[in-house]
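Before we start, here is the structure in question, set down as structure tokens.
For clarity, chains are labelled A, B, C, D and E in written order, and residue numbers in each chain start from 1.
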Amino acid sequence: MKKNKWYNNQLFPWLLPIVVVLLWQVLGDRGLIKSTMLPTPLEVVEAGKNLFQTGELQKHVYISTERAIIGFFIGGTIGFLLGLFNGTVLFLEKLIDTSIQMIRTIPHLALIPLVILWFGIGESAKIFLVAVGVMFPIYINTFNGIKNVDYKLIEMGKVYGMSKWQLFTNIILPGAMPNILVGIRYALGVTWISLIVAETIGADAGIGYLATTAREFMQMDIVVLTIVLYAILGKLSDFIAKVCEQRLLKWNPAYRKN
Amino acid sequence: ACGANSDSDASEDGETIRLGYQKGNTMNLLKAHGTLDEALHEAGYNVEWKEFSMGAPLIEALNTDNIDFGHSSDVHSVLMQSGGHNVNYVASESPYPEGVALLARDGSGIETLEDLKGKVVGVTNGGNQHYLLLESLKEAGIDWGEVDMKFYKDASEGLMAFSNDEFDVFGTWDPFYAIVQDQNETHTILDGTDLIENRTFYLARDGFAEEQPEALTIILEELENMDQWANEEKREAAEILADELGLGPEPLEVANERRQFGVQRMTEEVIANQQQLADTFYEAELIDTEISVQEAIDAYDLDESVFPDNIE
Amino acid sequence: MFGIELKNAGKRFGTNEVLRDIDLSIPKGSFTAIVGKSGCGKSTLLRVIAGLEEVTSGSLAYTGVEAKKSNIRIMFQDDRLLPWKNILKNIAIGGVNKVDAEIALEKVGLRDKKGDWPDELSGGQKQRVALARALASSPDVLLFDEPLGALDALTRMDMQHLMEGLWQEQHFTSILVTHDVSEAVYLADRVIVLDEGGVKLDQEIDLGRPRERDDKFTSYEKKILDQIVGG
Amino acid sequence: MKKNKWYNNQLFPWLLPIVVVLLWQVLGDRGLIKSTMLPTPLEVVEAGKNLFQTGELQKHVYISTERAIIGFFIGGTIGFLLGLFNGTVLFLEKLIDTSIQMIRTIPHLALIPLVILWFGIGESAKIFLVAVGVMFPIYINTFNGIKNVDYKLIEMGKVYGMSKWQLFTNIILPGAMPNILVGIRYALGVTWISLIVAETIGADAGIGYLATTAREFMQMDIVVLTIVLYAILGKLSDFIAKVCEQRLLKWNPAYRKN
Amino acid sequence: MFGIELKNAGKRFGTNEVLRDIDLSIPKGSFTAIVGKSGCGKSTLLRVIAGLEEVTSGSLAYTGVEAKKSNIRIMFQDDRLLPWKNILKNIAIGGVNKVDAEIALEKVGLRDKKGDWPDELSGGQKQRVALARALASSPDVLLFDEPLGALDALTRMDMQHLMEGLWQEQHFTSILVTHDVSEAVYLADRVIVLDEGGVKLDQEIDLGRPRERDDKFTSYEKKILDQIVGG
């Protein structure tokens, strides 16, 4: 059962992306895909190289990453705390949850006019949008994770004289952790998605800015380049989340096995 | 899989002409009036209107054969060509320089171009007021770097930012120009007069002119008819557009008053002005390839015979 | 250390009357055993005493000056170990320090398992960890819900000695639910037979300690067993 | 503990939204908020009434809802099946998961050029974008839900001679259900968010279209109206999700109690 | 019905050698009991036999013509009831129909609980449901891992009779892990004492059925107990 199968290695997961890229290159070379519409991988790499040499690529990635990190931490913290309090205090749940569920479905794009009204067009508006995007998946997963913690263990904790804080750190948090991590994992992806919208506001840098202007200026190679950038950053975020998962859930045989 | 995508069979009657439009332009009037539909039906065509809320998806739709005919601003046409796409210029609307302007709040002390130095100017990246700003600064001999340009995405975003004192100067265009003029205590620093033309161009997909020249002729003819009607009935035209846009009629009346409608051929003068736009954008590093508008015209090689009699 | 006083206490889940008319006064420092058939309400009674369930009729009170609900510990019928903590940390919860935890683990004979995850232990080992956790928490009142059910005879005897020893040393009020009548007589000063939610027999055990399994012992056993079987 | 607190009723959760709306009206009336920038609730209601009387509002909501439902079912099904198979078959997980994690972070906005290329500008493009948006939260939550099902119960099922299918319906699915429901709940929100982007493509109806054009033409009352619409639809979706939760998780004391 | 053959079987978890050199041949239709101290490897042995753990040395084989791993059932030491199914449906898993499930539930004395959720049952009731589930599945080989640990003496006797009766009726191969030596001698034809992962005693029980707790019975008990305690 636990035997290492041939496909259980680091490289195998990259098989599919590589095959897709190769196929795409071949189709592009043969002219089966028009390169003004969908440039070939090599053309995209070329575009990337050019941007890299002028230092622009690094600048955009750096700025976006900075926004992503700040926004993620603010939104993640708020989402986590809201999930935490709403998950443990019925009064707060009743007071706030409905409102959160209502705000949650409002697209960033629709919010922008109001965001500008409140935050202007500077950094804070962008970070706000990222934070809002990150907040909800973390909120929902934390909230539900806490609701689903085995109540028998909580009962035990209470009987063994744990303080609220101890109960939280020793039982509720680790019990909800698998769900919270799902939320974090998802939110890491949302971060980048939020940025593309956020970076249209009075922006002059960032991957979202790069993507939007490339699209408006019909530079398909850069459009695809940004897509690739998103994919790479997404995979990277996911990798971080997975490492966290493996460290934090090592007690769980499901994670210990692989 | 979807209807709009299905290729029309050239040998059959009742093929569908797919028209792309954005709100607030002649095409929009034409759709509201229904005269083009009538004319095309008479000639045995079906008509499908596709609305686009923004320029970029319309051009993308043209390029992927999802629509046959549409329109786009002068700047977007240049951007499209610089992105390596075919830009199939068919004709253009009359210039509309007064429909684009730079505004400042009353009492801000910003009156002339000189005053722009060191100020925050809000424009849409690659928009017609962006071009106006660049041209006017160049004219006045002011370095672009001396002005702090901030980009906004669309009209409401711009208005929000301007109202919120995020911009000292606000680049805008009709009908929003008219609205802002009307609602806020602002004054115009300059509009496009003698600086830029601010045209709309009519574009077609690859091969449309060859495959359905008759349809193209009808479209152009009806466009011109519409334009002439609009020139005479500016009020009524304003009302129709106001209805379509969901705005009050007043700003559109103001806008229409300063506008002359009319379809024009791609004359050398038009091409030269468009080329100037391309050069300025290249200079400003908005686009990264030098382009030749003439090349695009030559590449499409539109047969002059498609033009109806009512267009000079 | 404090005692417990139940007056006319009853508990129902929906229409199911699980406990009825329980009048029980448990003095501080005493050792009481509760026996009875499966499903007769033993665990529910312990949960009521610990304040985990509210009585639906009658009343519950703690008697004694420093009486505090938070000083009651219960060793649950299921082990309730935290799967995300190793054995030692599972014992060292609720204010028990590592050293005490390790001593407790030593006492139940599992010192070499201190770094293991709970799901790496055998059933009986888990139960002993839960016992160690309960004993290490130095409670005022300690409620045992079938603490030795998963243990073999020998380990069981060791654990009984351990429980008795600690009780004599610390004098916590102790209530033991067990299905082993002999264990009840061996450990407790008083055995209560529960039947269909009511007290059927309330028997003082008047034997010296350490107890010998002599005739008197056997007669107590028999009397109690008769009450259970005779139900 | 289980006593009904005064705040544990149907109406209380609406307190906060109502207070916010009232405050906003008062601030608007006093001129503290300029109505060209943020119209008062009454003005928004007025705009809604007008659109309602012309039948436009219903049309937009109807069309968007239709797209939402179709997209949700397609995306939900795909996400669920992917989560299911990747969660149970290690080979598939290794093959596909990395690729999915990479695609996940690509914003819809960046994808549009490619979507038009593949799907044209008709309904299918819009439904595709919704489906893509819905797919990922459901995928991630299903996948993780399955991974976290108590392996002891699975072991039991295997020993009791359950077929793969029985194992799935009797143990894996119910065990993963709390997580899957979180995914569904989140995805219901994403549906509407995806629509705003999707409905910019060759659209002539839908709430997203309404929002985008209102933004482009500075009709702040309609912008705010669409925000309100999103909030209502979001709350409605959430309500449906909660009902499902309460029915499907009634075995769980955490859901039985309230 | 089929038998089990272990040759030189060993099992280690990491560095922990839990089973070593087990040579055991269990004929089909026999009733074997396994006793031993907590943590000696009883549950692990059952899991190896059921194919839930692979041996790390030696071999396991099933003997008999229709031998199939899928016809082995195990009643786990923990109840492993599905929390999302009511009691009746918990029994009716893996191809058992509702009628049979209800009969099995009746036999363990819990018919009135059939619509309850598992977490509404008492510890002993849950164990009996797990027993009913195991018995209802009409297996070829049935492995019991301390099936009666949470039951009082009386219910326990009932359940012993039930197990014996069904075994005599259906003749499945039966292996019982228990910490109650008397139960082992009462039910099994052969008792194996496990100690630190190895077989310490392999004792045939040569008594007629139904068994009487006579002198011979007691002497078996004593012999086995000595082996356990003497470890």
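The criterion applied here is as follows: contacts are C-beta pairs under 8 Å (C-beta built on N, C-alpha and C of every residue); 3 or more make two chains touch, one makes a residue touch a chain.
Note that the coordinates shown come from a computational prediction; the quantities given were computed from them, not determined experimentally.
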> Minimal path length between chain B and chain E through chains that touch?
Replying inline: 2
>> Comparing the two chain pairs, does D-E have more C-beta contacts than A-B, or is it the other way round?
In response: A-B
>> Using only Cα atoms, superpose chain A on chain D and state the rotation angle in degrees, rounded to the nearest 5.
In response: 180
> For chain A and chain D, what's the span in angstrom between their mean Cα positions?
Replying inline: 17
> Approximately how many whole Å separate the CA-defined centres of chain B and chain C?
Replying inline: 84
> Where the centres are mean C-alpha positions, what is the separation of chain C from chain D, in Å?
Replying inline: 50
>> Just the number, please: Cα centre separation of chain C and chain E in whole Å.
In response: 27
> Out of chain D, which residues touch more than one other chain, so two or more?
Replying inline: 37, 112-113, 117, 212, 215, 220, 223, 252-253
>> Can you pull out the residues of chain E that are in contact with at least two other chains?
In response: 78
>> For chain B, give me the residues that contact two or more of the other chains.
In response: 64, 156-157, 160, 163-164
> Which positions of chain D touch chain E when the two form their complex?
Replying inline: 152-153, 155-157, 159-162, 166, 170-171, 174-175, 177, 251-253
>> If we count contacts the way the header does, which residues on chain E are in touch with chain D in the complex?
In response: 50, 52, 70-74, 76, 78, 80, 82-85, 93-95, 117, 119, 133, 137
> Which positions of chain B touch chain A when the two form their complex?
Replying inline: 55-56, 59, 63-64, 76, 79-80, 82-86, 122, 125-126, 150-153, 156-157, 160-161, 163-164, 166, 286-288
>> Touching residues of chain A toward chain B in the complex: what are they?
In response: 35-37, 112-113, 116-117, 120-121, 200-204, 212-213, 215-220
> Any idea which chain E residues touch chain C in the complex?
Replying inline: 13, 35-39, 42-44, 77-78, 120-125, 128, 145-146, 149-156, 179-181, 225, 228-229
